[in-house]
Every structure is written in C-alpha cells, then in structure tokens.
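Chain naming follows the written order as A, B, C, D and E, and within any one chain the residues start at number 1.
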Amino acid sequence: MTAAPVLALHGVSKRFGAVQALTDVDLEIRPGRVTALVGDNGAGKSTLIKTIAGVHPIDAGSISWKGREVRISKPHDAQELGIATVYQDLALCDNLDVVANLFLGRELRTAHILDQVAMEREARELLDTLSIRIPSVRIPVASLSGGQRQVVAIARALVGSPEVVILDEPTAALGVEQTAQVLDLVERLRDRGLGVILISHNVADVRAVADDVAVLRLGRNNGVFPAAETSGEEIIAAITGATDNAVTRRSLRRDQQGSEAEPEQNTDAEGAGEETR
Amino acid sequence: EAGGGDDDDNEGGGGDGGGTIGLLLPEDRTTRYESFDRPFIEGKIGELCPDCTVQYNNASEDANLQKQQFDAMLTDGVDVIILDAVDASTTATWVEEAEAEGVPVVAYDRLAEGPIDAYVSYDNERVGELQGQALLDALGDEAEGSRVVMINGSPTDPNAAQFKSGAESVLEGTAEIVFSQDIDGWDAALANEEMNAAIDSLGADGFDAVYVANDGMGAGVINALEAAGINDVPVGGQDAELAGLQRIVTGVQTFTIYKALQPEAEITAEIAVRLLRGEDFAELTPDSADSPTNDGIPSTLLEPVPVTLDTIEDTVIADEFYAPADICTAEFADACQEAGLG
Amino acid sequence: MSDKLAPDPRLLVRERGLAGYLEDFRRRITGGELGSIPVIVGMIIIAVVFESQTGTFLSPRNISNISVYIAGPGIMAVGIVLVLLLGEIDLSVGSMAGLSAAVWAVLSVSHGVNDLLAIVLAILAGAAVGTLHGFFFAKIGVPAFVVTLAGFLGWSGLQIWVMGDEGTINVPRDSLVRDFNNFYFSDISAAYGLAAVLSLGYLGALLFQERRRERAGLPTRPLSEIILRVGLVAVAAFITAYTLNQHRGLPLALVIFLVILLAADFMIRRTTYGRQIFAVGGNAEAARRAGINVERVRLTVFTLASALAALGGLFYAAQAGGASKSLGSGNLLMNVIAAAVIGGTSLFGGRGWIWSALLGTLVIQSITTGLNLMGMASEIQYMITGAVLLVAVVLDSISRRTQRTAGRT
Amino acid sequence: MSDKLAPDPRLLVRERGLAGYLEDFRRRITGGELGSIPVIVGMIIIAVVFESQTGTFLSPRNISNISVYIAGPGIMAVGIVLVLLLGEIDLSVGSMAGLSAAVWAVLSVSHGVNDLLAIVLAILAGAAVGTLHGFFFAKIGVPAFVVTLAGFLGWSGLQIWVMGDEGTINVPRDSLVRDFNNFYFSDISAAYGLAAVLSLGYLGALLFQERRRERAGLPTRPLSEIILRVGLVAVAAFITAYTLNQHRGLPLALVIFLVILLAADFMIRRTTYGRQIFAVGGNAEAARRAGINVERVRLTVFTLASALAALGGLFYAAQAGGASKSLGSGNLLMNVIAAAVIGGTSLFGGRGWIWSALLGTLVIQSITTGLNLMGMASEIQYMITGAVLLVAVVLDSISRRTQRTAGRT
Amino acid sequence: MTAAPVLALHGVSKRFGAVQALTDVDLEIRPGRVTALVGDNGAGKSTLIKTIAGVHPIDAGSISWKGREVRISKPHDAQELGIATVYQDLALCDNLDVVANLFLGRELRTAHILDQVAMEREARELLDTLSIRIPSVRIPVASLSGGQRQVVAIARALVGSPEVVILDEPTAALGVEQTAQVLDLVERLRDRGLGVILISHNVADVRAVADDVAVLRLGRNNGVFPAAETSGEEIIAAITGATDNAVTRRSLRRDQQGSEAEPEQNTDAEGAGEETR
C-alpha cells in the first residue's frame, strides 16, 4: 500500500429500477498492484466496474483519479483518463473482423485513412502473445468460439497505453493454457506499474496474482484483504457471507474430514459489520 | 411535317401503310383512362389504320415515370405520340426532343407545353364552371346567398386547381363558400372525414350545397351526409362514373359532369393517324389554343355536359357510354323504374 | 440457508396497500418509466387544444365519428403490432386493404355472391396473401421488408386488375359492409352494457388471478391497486358510453374493433402462441433452440396481419362508400405503422402491447379530425401531423433516456 | 511453440495462383456464399429477356437512357445504404427530394438567385433537415423510423407550401439542373478516358496494397486474381463506354453518380469514420464502449443521407423538366430502399456495401424501362416489378440459407 | 463402460466456410455416466455439442440414439429424443422475464392458455435449489448479472425430463457456491441415470465429477481417458498437444521445482497417433 491510489471510489451507489445494485461502495486501485474484486453472482462487481468505465453514471458517490475528483459520464471519458476495460459480456462488434475489433476506436491511420496493413500485422503479433489460434484475423468475430472471442476482448485492452486495466472475469471461457497466459499478462501489467482490477470467481487464480482482494456482497463492501495473508476459505467466507455454504459442505462430503473446512468466524463478522454500517 | 422517325424499322411514311402510335396516359386509378380513353383510342386507330400498332403506357400519376415512358416510345421508334401529361407544364423539353427526331406529339386532355402538333380536350376550367353552375341550378331560388361546402381534388393535381377555380368563379357573388378543403390523392375515405368535419363545424343546417370535385370522392361525401341524416342538399361531382350515375338514379347525388370521352378519343386517334401518314388534319382542329410555350396550337375543345337525373337518357345512355343495364343492376332496378330508365 | 433464500435485501420492496402502490408509481415516474402515460397525456393535450380551437372537437358527434374512423386503421394496426413484435414489418397492408375491398366488391356487387360469403372470401384472400408472405419470409428466408415491399406493389396491381373497368363500386345499401360504417346500437343500454361488461370482466379477471397467486404463495397486488385500475377503466368506459349515447349510440365498428383488441391481447399475453411471438421477436435463434417452431410462428403472424388488413380494408370501403382502385394507397400504410409505434410497440421486436393499436390510432385520428375541423390546408395538416407525431414520441424517448440503463451490448 | 503459432491446420488454405483462386471461388459458390452474383445474374437475365421481347432494350440509346435515369435514385440510394449500415431507416428521402427541388426552383426561378447558389442552398437545406433528423434520433433517442416518418409527412407539406401557388416550376434552359439530365460529354475520348482511369486506378490500388502487405509479411492475393478482377472491371467499363459513345456520349449524370459512389465507397471502407459506421450498425453499445462518439456518427449519417436525397431530387426535377408539388411522392421512397436491399445491403445494420446502390438501382430501373418498352399495362407492371423484386432476393436468400451457420443467438 | 451408449457419434465432420471445425469425430455417452468433453479454445467442443443439439446439421458422419441411427436437423428433434442443452452463449431471450425463459418451449398450460401461477411457483423452487439470488423472477433476463443468467440457462435444462443433459461450460460465470451447486447437480443427474456431457476448462472440476474425459484437439479426437486414472497433467497435455506449454512453464516458474511438472509422454503420443489416423 505504498503508492497513492491512481483511482479511488468513494460512497458509490447505483440503482436500476427497483434494484439497489450498489450501496455506498469504496474501492482504491494503486499503480503496480493487482486488486481482485470478488463476490457472489449478482454482488454488483460488473455494475461497479461499469461505473468506472463510464458505461453508466453513478447515482451517488465520487470517483477520483490521481487524487483529483473526476466525472466519468461516458466510456470515452474513462479511456481518456487511461482506463482500459475488458467487459464480462466482451462488447465486441460481431459483424467486424478480429482486426477491426482489436483496434476499434483506436485505429492506426494516416490522416483519417485506415492503415489496414499495420493493424493486421500488429493484430497477429498481439494474438500470438496470448497463444490463441484463430483461423484468420479477417473473419467476423461472430464466428469465433467463446474463448477466442474472449481473447480478442482481452487483447483489445492492450492496444493503446492504459494506466489502469479492468478485467471482468477475463478467463471465464479460456482454456488452461490461455488462462495461464492471461495470468502471466496480468503480472506483466503489474510489473509495468499499471493498476489492475481483476474480477474472478476462481479463488486460486485470485490468490496467485492479486495483491489485494476486495470483496463485494449484496452490493456493499465486505472487506479488503491482503491476498498473501488470507486463506482461500477466508475469502470464500467473505464472499458467501456464511461459513456453512455449499462449497464447504461439498468438500466436507468429499473429503470426509470436517476440520479442514472449518473457517474462521471473524471474517464474516467483519463483513456483516460493514454491511449494516 | 411528315410523321415517322428516320431510324425506325417499320417506316411510317405516307400512304395507307402502318406504323406505331404511342399512347401515354397519366394514371390508372380512375375509371376513365383504362376503361374508356384507351379502348376508344385503340379502337379508332385500329379502324382507321389496321396495320398500325399502338404502344401504350400509363404513368400512375408519376411525372418522372411518364418522362421515361416518353423516352421509351422514342427508343421503340414510334411514329406519333399521343400524350396525356401527368404534369402538362414540364413537357416542353420532352416534346422538343420528339420534334428533333421527327416524331409529332398530340396533346390529349391536358395541354402539354412545347411544340405539340395538336391538342384535343375538354376545358378543365369549364368543367369547374359547369359544376358550379349545376349546383346553383339545383338550388334554384335558394341559390342567392346559399352556403356551399367545397371538397376539392388533390393539392398536387394541377387539374384540381382548375376545377376549383372554375367552380369558384361561378359560385362567387351568388353563393358563399363556407368550407373548402383539398383532398390528398382524391381519397374517398378522407373526403368522408372532411365532410363529417364540415357537418360538425357548420352544423347539419350550416350549408345548402356540396361541391365535390369528382364522383369517386362523392361516394364518401354522400356517405357522411346520409349518416348525418342530411338528404336535402344538392351534391355533385364529375366523370359520370357508373357508381355516380347510380347514385344520381337513386337521388342521393344531384349531378355529375360528363366529358364524352368517345369523341375526344376518336378525334385524337384520327389526328394521330393522319400525322402518321403525313396527311392534313386541319378540319379536325377548328379551334386554336395557346400554351405558355406555344401559340396557335391547332385544337379541338369539346364541351363538357352536366348530367342530372333528367338528362341521363340523352347523354351517357344516348352516347352508349353506359347501357341502362349497366346502371340498373338489381339494387337499382326500382329506382331506375321510377326514373323511367331501363 | 441455500435451500430457501431470503428475499433479496437490495430489492426496493413495495409496501402493501395503496400507499405502497402510489409510492411505487411515484418511483417509476421519477425514474422515467412512463409506460403509456406520455401517449395518454398527449391525447389529453390534443383534445384540449382542438376543443379550444374548434368548440366541436369533444362534441358527442365528433367523438362518435372518431370512434368509427379508428376501427379500420386500428384493426390493421393490430396486425402491424403483431408483426412488429416479431421484429419485422409488413409494408403491404395498405395494398392488401385495397385488394380486399376490391375482392369483396367485385364478388358481392358485380358477381352477386352472397354478401357475407364475399366478406369471408375477402378476408380469406387476405389470409392467403399473408401466408404467401410468411412462406417467402419464414421458409425461404427473404427479409420480410422485401417480401412485403413486393406485396405492396404486386397486390395494388392486382387490386386494379380485379376492379377491372370500374374505378369505383358502391357499397350496396343492404350490405353488412355499409353497417361497418353506419350501424349504431342506438339503444342506450348497449353502450352502457358493454362498459359494464368490460369493467366487471376486468375486475373478475384480476381478482381471480390474485386469488390463485395467493393460494400458490406468490406475491400479490394489493386490493387497492386492483380497485384503482378497474376504477380507471370503468370511468373511461362509462364516459365514452355516455358520450356515444348522446349521439347515435354504440357504433358497430367500435364493437368489432374492441372485440379484436381484446382477443389479440388475450392471445399474446395468455397463450403459448403469444409467448412464442415474443420469444421469436426477442431472439429468434434462442427461440429456435428452445424448440419453438419459429417458421410456423412467423408464417401465422403474417397470415394474421394480412387477414386483419383485409378486414380493415372493408371498413375503409364502408367509410369511402365504395371500393375503388385507389383505396388503400396514399398514407394509409404509414399511418398504420406510425400508430403502432406511437402506441408504444417497439420496432425492434419483442416489446409492445396490443393496446398500442388503439392508442396510436386514436392519436393520429384525433389530429386529422381536429385539423379537419379547423379547416387547415392539407399541406399544413401534413406538417402538423408530422410535428405532433414527433412530439408524441419525443416525450416517451426523453423519459426512456433518463431511465436508460446502458444494458448489455 | 506458443510464441509463434503455426497456421491453423483446419483452415482450408487456398493454393497460390489462379487455380487456387478458382478453387476457392468454386468452394464459395457451392457453399452458398454468392455475394453479388445473384444480382448480376439477375441483371443478365433481365437484359436478355427484355432484349428478346423488345429488340431495343440493349440499344445504345436505351442503355444511355438507363444510365441517366439511375443517377437520381442511385444517389439517394447511396444515402440509404449509409443509413441501413447503421441499422436504421430514412423514410423521408422522397419528401426531401421533393422539398429540395422546390427550394431550388423557387430560389432560382422565382427569386432569381444564382443557379449554382440555389443548387448549393437546396443541398444545404437537405443537410440541415438531415441534421435535424439526426438530432432527434441520436440525441433525443426517438427511433429513426418515427423521426423520418414525421419528416416524410412534414417535408412534403413544406414542399407544397414552398411551391405556393405554382403547381410546377420549369427547369430553365440554361440551368445546371437541366444538364443533370441533358448534358453529355459527346467527345468519345471522355467515356473511354473514364473507363481507362477507373480500370488503371483499380489496378494501381490493388498492386499498391498487395506490395505493402507483402513487405509487412502478410498473406497476399495472387497476381492472377488481381488480373482477373481488374480485367472484369475493365471489360465492363469499356463496353459501357463504347455503348454510350454510340449514342450521345458520356452523360454528366453518370459521371456525378460514379464520383459519389467512389467517394462513398472509399469513405466507408478506408476511413475511421466508415469503420465507425459499421461498428455502430453492428453493435451500438459495443461501439460506445470502444469510445466511439455514437451520437455524432448517427447525426452525420442522417445529414449525409438527406443531403444526398436533396441532390437526387434535383436529378428528378431535371428528368421531369421541373419541380412540382408531387415530385418525390409515389413509389420513389420504396424504390430507393428496395434498391439498396436488392443490391445486398442488410436492413439490420453493419453489413453491406456502397455498390448495392448501383446494382439495386440498375435492377429496378431495368425492369421499369423494359416494361415501358414493352408497353405493359400499369397494373401488370406493378405485379411484375413486385415479382421480379422478390425473385431477385429469393435467389440470394436461398443461397444464404444453405450457407447459414446458425451463428450466435 | 457397462451400459450401452444412449448417444453415439461416429465420424462426425463439420465445416464453416473455409474452416474445417470438426473432422471425423467419435463420441459415446452412456447413461449414468458423466462424460467430460475437454479441449483447447476453438477445439470444436461447442460445435460438436451443437450438432447433437440440432443447432446445425452435420456435413458427414452419423448420430445414433440408443443404437438407432437418427437425424437431428433442428433443436426440436434433439429435445424430442430427450436431449437438453445448456449453451455456452446461454441462448436466452433477453426481452422475456426469468419465468418465461425457464419454461420457454415447455410452458405449463391448460389447453393453450398459460398457467402463469404454476410456472412462477416452480421457477422459484428451481432457482432456490441452485442457491442463486435473483432480484425478481419477473424481470427481463437482460438485466441479470452474468452468473444469474447462466443459472437461469442451467435451470432451463431441468424443466422437462431429459435423458441426456449437455452442459457447455456451465460454471464459467458462476461464483464458488453456485459452481459447487452445479457440480452437485451434475452428480444428482448422473445418479438418476442420465447421460451427462460436461464441457469445462477447469481440470479440477472435470476430475471431480467426470467418469470419462474425451479430448478434442483441433477438431479431431485426441483420446478418451478414464477420469479416475488420469492425472490433471495428462489431461492438460492431451488438450494442448504438448508437454511444454504455458501452464507447465507457469507452474515451473512459480514452484521452482521441475520434477512435478514433468508429465508422461505416452498421452500425447496416443493423441498424436489418433490425430494422424
């Protein structure tokens, strides 16, 4: 927690119709650190990062960039600040080919004329580093497999030179090798001094690459943990809000040994405390 | 000038030889063009010149389409063109083109601009005047100071404006025009709504007569009057459409204007055949007309005839425009009986 | 804990009773979920403006006229709503209306076919045409826009051809078609009776449904909400009935239109077929993967739309006093589509309701009639109609904008 | 292995050289990827049938006429293609064409404004109208269909109003507008020169591009493919030039249309703006998230479409010989949209090419002209046009069906 | 491998344009067994199960159901046989609410009239068993989170009574608890005697619930392994087609111990053998 946060959210709330998706959420992202954002399905993770990315405005609260309060009212604003986002739903243009999607909004060009050759060459290089096979970079992304699409979306975030990279479940559809590549990539980004937000349901991956783990529960903060000093069980307990859950029960049943699955109680208490704050 | 292009295969030339006559009519939604004008013209040409063929196109009220059809006639190498223009005022260049290729043009019904060779028509202003006069006649003693509702033709149809101004010229001074509306596309359903609006805003007793520009819209107008229980005001249109005549027989419509199409069509056909053969047709065109571009056009201007219940017999039936049997279908048999028809 | 979840604490749950209902209503309004309120407010503004300008707009006679005029385009708009729910368009409805009127007139008047039979045949001709459209669209895969554009041209050609030598054929005095425009149930009990049936039917349906939900342990609407809803419907129904009775009574046209609206509304909201229409309109591939016979749904919807257009055409003929070669041309098509959209049915499929056919037609017809009463020149009418159409939807769009939640891509 | 992947073994790689190109071509055809082949085959069939029926369809005079006729609707269709690429529709182009002709005529003829200035003002009026449409659509969020439907009514009202008492205003003899229809570069070197410029330009562009790709180590097209493509273009261009020279030479109208086609094609395929149009049409929300100013793209596309419609309107006036109250009404709108769709641009956004404006307009105009030459009754013309329109697209749809890959939901 | 296969694919091939997505693929599904289908991104897994589900027809090869050859030309055919599928792209109708999506194509009804009440009640029960919180079953699925949508898609497969259930990466977007629930569910289905195809990139999950592991590589079979007797490394090697891959390199780097990451050589050889067959 040495460097000052490059991005800080304070008291952010967001409502959709009758659903209060986020209530009074705080989050800090520091350069050179990977912050994992975890939480149950529907906890509000994607909603939170979409507010940062400018997809939808916040109802209340503030966002500061390098200590200065900013208003992010559209995706372009976030990009101007230096925030690159990989969305959970990928947000690709199905009718465009891989190259066009990779450079969308940041086309290489002379005057306003596209430099197709340079883009195609760079696209090939970019995809090679993520070790994905894509039949051709000139086919529409609609015909790619789920994992291929996801890699294209991830590669997009690397075009340009962002200062903060947000990855919303970037490895959900990826194979083992591609997942490993993405985790490597996350580490490379951190080492280059970028701030990274990683949303993931994979606790092992989170513990492997994250520096901090921020937990969201039912649209509220439920604690921030140093990844190195927190066990997987503790994180899961903070996510589910209970020590007795389907995960523990499942491992209990399979392992036939109760002691290992007994997590500590305080995590949940702390979380509950924040929740009613 | 002798007819016939110089580059066509079936050379028209003089004598009794054959050739092709192009016929361009402006629209296909009113009865007259497809049911009368065209068969009369084709029939007469066939009679006068058995070896002639008629090339026919209808422009569906689209001036640009008609220009293309005009070009197609020239491409096909017709020898004479009979043109009933969608928009008579823009035809100057077309006619010049035809003239340059030696294809004479006869203006039919509407006075096409440009160097046309002859013009045969009814006078649209005159039609309007007759309509106005027929209304006043129907009102009789009550004409002075009577209140007239005008349901006019389409604002985009130049004829409609002529009908309207003709009628106004007669009505003004005697009667008062208390409601006047143009109807898009001569649409009968819209005419019905406008008539209802007139009844609504003037009251059922607020007018004494209804001018309706043609019989097609007359149906909708009379429908509105009947629905409002108004059956004592004179209503009249034009075209002597079958449906209009039937309404006259039953007494719900007062008059229509009959433009005897057969003489108009046949004179035109004969002029066209003579032009094709390079013969003189002066005796067919006793009148003279001036268009904005050309003066002294050899013309025949026919007189339109108002038709009422009393004159059906002497006009449309006498002309065999319609037979009593056409008019007096089962539904109208009784009314016909009463009127002494069929 | 995982077997029976507690209600989601983030859901802003409505309090029970009227207060809760009103609170929820207020929240929706401020949140921009205006539903059909803009159109209804728009209608009220239109009525007030025209009444102040003409003094006759709200007269029983004019209200009665409007209620007759809307039947034809309204019935056609019901078909368009169905097609729009599929995410498609039918450009041929105007031509179809004209063709149907021509078929009926030629059969019944010129060929002496029994009037009712001729009506049925005209509607069946519509259904056949629609099936043909549906075939090319659903089975061959030609975009519906193109199929019905071809129909727009082709059927109006056929209409002219069917009419043959006659430009216009009058509606006979004793024809049912004439009644479509001219018949009124003049006994005042007819209009009041219908109003009562509608109100009580709505009440009964709501009560029955809530009873079942309660028994099944599902959340229910508060009684106060039911009373409010039914009350509004009843007030509207009885005021309309009263007004109509001031003139000539309950028009047959309105009765037929209402029956079609109710039947179509029931169909799309309460039957599997209706559900399938929404599914296909929302995501045709997902619907197909769910085992829905997408082709059949598409085919039948186009059949229905053309059949309804055919019926609507007969109402036009009734109003015009006859079938003609030009019936159904002009702005009819655009007006009908505009009605469906103004009423709140999306052009993009899967979102809408049948009542938009009523609301939209009412807006457009009110403008036309009001301007007619004012004796506005027709070019000014064009401009005003265009402007009002825009304003009617702008209000809705602005509210939706504030509410827009930047959903999924 | 993971740093430099081998080419995917499942990709059926094309052999190098002409054989590979032809093999690939055969594979596409049998796989149903027909591209613009159905339209071109359709055109050939249309030409052969009409020529056999009339003997004059392929005459230089008729070809020359067609090449003039297509300019007006074709220019308007370019605008519609742009709008369709956005996944939207512009229903106002017909009214806009009429309004533009009226504005030009009233300014130039009635008010004595300089002819060229009046032309520019008419086109600017179009641009302003389009910007207004774009504003309501892009900024306020009113569906484009509704905005332009309001425009369809409103602008044609304004057109009638602008024309005022004049039913028609003739095109003056010395006006540039007249040249839009009547001016031909009669020197035969003009037509041949243009053909040569087009062919060599295409060759040069292809060679330049392949050189750059080769240098960058990217896969390139075989030389034989380049020769084949350029050869086909050159043959078509020189045959057309020869035919036009047989009549009156190269029409100004065709030159203007071609310049607009080439410029628009360059714009949508080679510039960032064009890329943005495709992106917005494919997935507007994804485009927004990529930082594209979606509103600006939408606004400008509608501006362009209306400006092109305004220009097209002047060609219409030139053809008819004057501006009138009814210019642009009738089937113009439908024909222009049909042209874009027949030419292969999707109604659903993000898929299409500019040349569909040329191909589609050519198909529709050929049918009209052929039927005119044959002297077909107008109702039959309607029906045949409808049928041919359908057939033109059916072929394409069937091929797409066999190829359809049941993509994502 | 006791029971006869309920579903058997033989020599299935599928081409999209210039991409030969599947070449000569065999697959057997037995009742009461979970067959995991694994493979790299773009290996052809989704394409394969879509051919079974009737989404797109096969170019060559045969499909047998209970020993009888069948033609599955549309999704309805597969459903009639008793195949329920959860697609990777979920295939939900965004405009419909949760209840409507759950029962789409299998609505509860009297005559043709929907029984909304019964459907809503059953929907609530179904979702409860998958322990997902969804704000309301009456909101359009468009407004659900990624995981909530996935659960809806999974629950759909349980409506009706299928004999074979295909799950294409069903837990990709799920939280830890929901994932555990789904794995439990898979086991319950197996225990009820159903045949289950599970596509997953998570080797641990695969080894936990699968009986057989079928590997696809570049659109071809690359071996079928008994889950119980095959190590994670062996499976990964069959998937990536190489023993030296990003995964092994990553764990090598992190663990600083080369011996554990050394997989056996024979798996790959076997795979390669099949590949060139």
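Quick note on the criterion: contacts are C-beta pairs under 8 Å (C-beta built on N, C-alpha and C of every residue); 3 or more make two chains touch, one makes a residue touch a chain.
Which chain is which protein? Per UniProt: A, E = Monosaccharide ABC transporter ATP-binding protein, CUT2 family; C, D = Xylose transport system permease protein XylH.
In this text the structure is predicted, and so the values were computed from the model without any measurement.
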If a chain touches subunit B and subunit E alike, it appears here: C, D
Determine which of the two chain pairs, A-C or B-C, is joined by the larger number of C-beta pairs in contact. B-C
Please flag the chain sitting at the greatest distance from subunit A, going by CA centroids. B
Please tell me the distance, in whole Å, between the geometric centres of subunit C and subunit E computed from their C-alpha atoms. 44
Note: subunit E sits from subunit D at a C-alpha centroid distance in Å of 46
Could you tell me the distance, in whole angstrom, between the mean C-alpha positions of subunit A and subunit B? 76
Separation of mean Cα positions, subunit D and subunit B [Å, integer]: 39
If a residue has to touch 2 or more other chains to count, which residues of subunit B qualify? 28, 34, 155
Multi-chain contacts only, two chains or more: what residues does subunit E have there? 16-19, 55, 87, 89, 91-92, 131, 133-136, 143, 177, 181, 218, 245-246
Quick check: what residues of subunit C touch more than one other chain, meaning two or more? 2, 8, 10-11, 160, 283, 285-286, 289, 331, 378-379, 405-409
Contacting chain pairs, sorted by label, are A-C, A-D, A-E, B-C, B-D, C-D, C-E, D-E
Please output the residues of subunit E touching subunit D within their complex, sorted ascending. 15-21, 23, 50, 55-56, 87, 89-92, 218-219, 242, 244-246
Can you name the residues of subunit D that touch subunit E in the complex? 1-2, 8-12, 14, 24, 27-28, 31, 33, 403, 405-406, 408-409
Residues of subunit B touching subunit D in their complex? 28, 34, 55-65, 67-69, 71-72, 74-77, 87, 89-94, 113, 155-158, 161
Of subunit A, residues touching subunit E in the complex: 16-19, 39-43, 45-47, 88-89, 131-136, 139, 143-148, 150-151, 169, 172-181, 183-184, 201, 203, 208, 218, 236, 239-240, 245-247, 249-250, 254
Subunit C residues touching subunit B in their complex are 54, 56, 59, 61-62, 65, 69, 72, 109, 112, 160, 164-174, 181-182, 316, 318-322, 324-327, 329-331, 368-369, 372-373, 375, 377-379
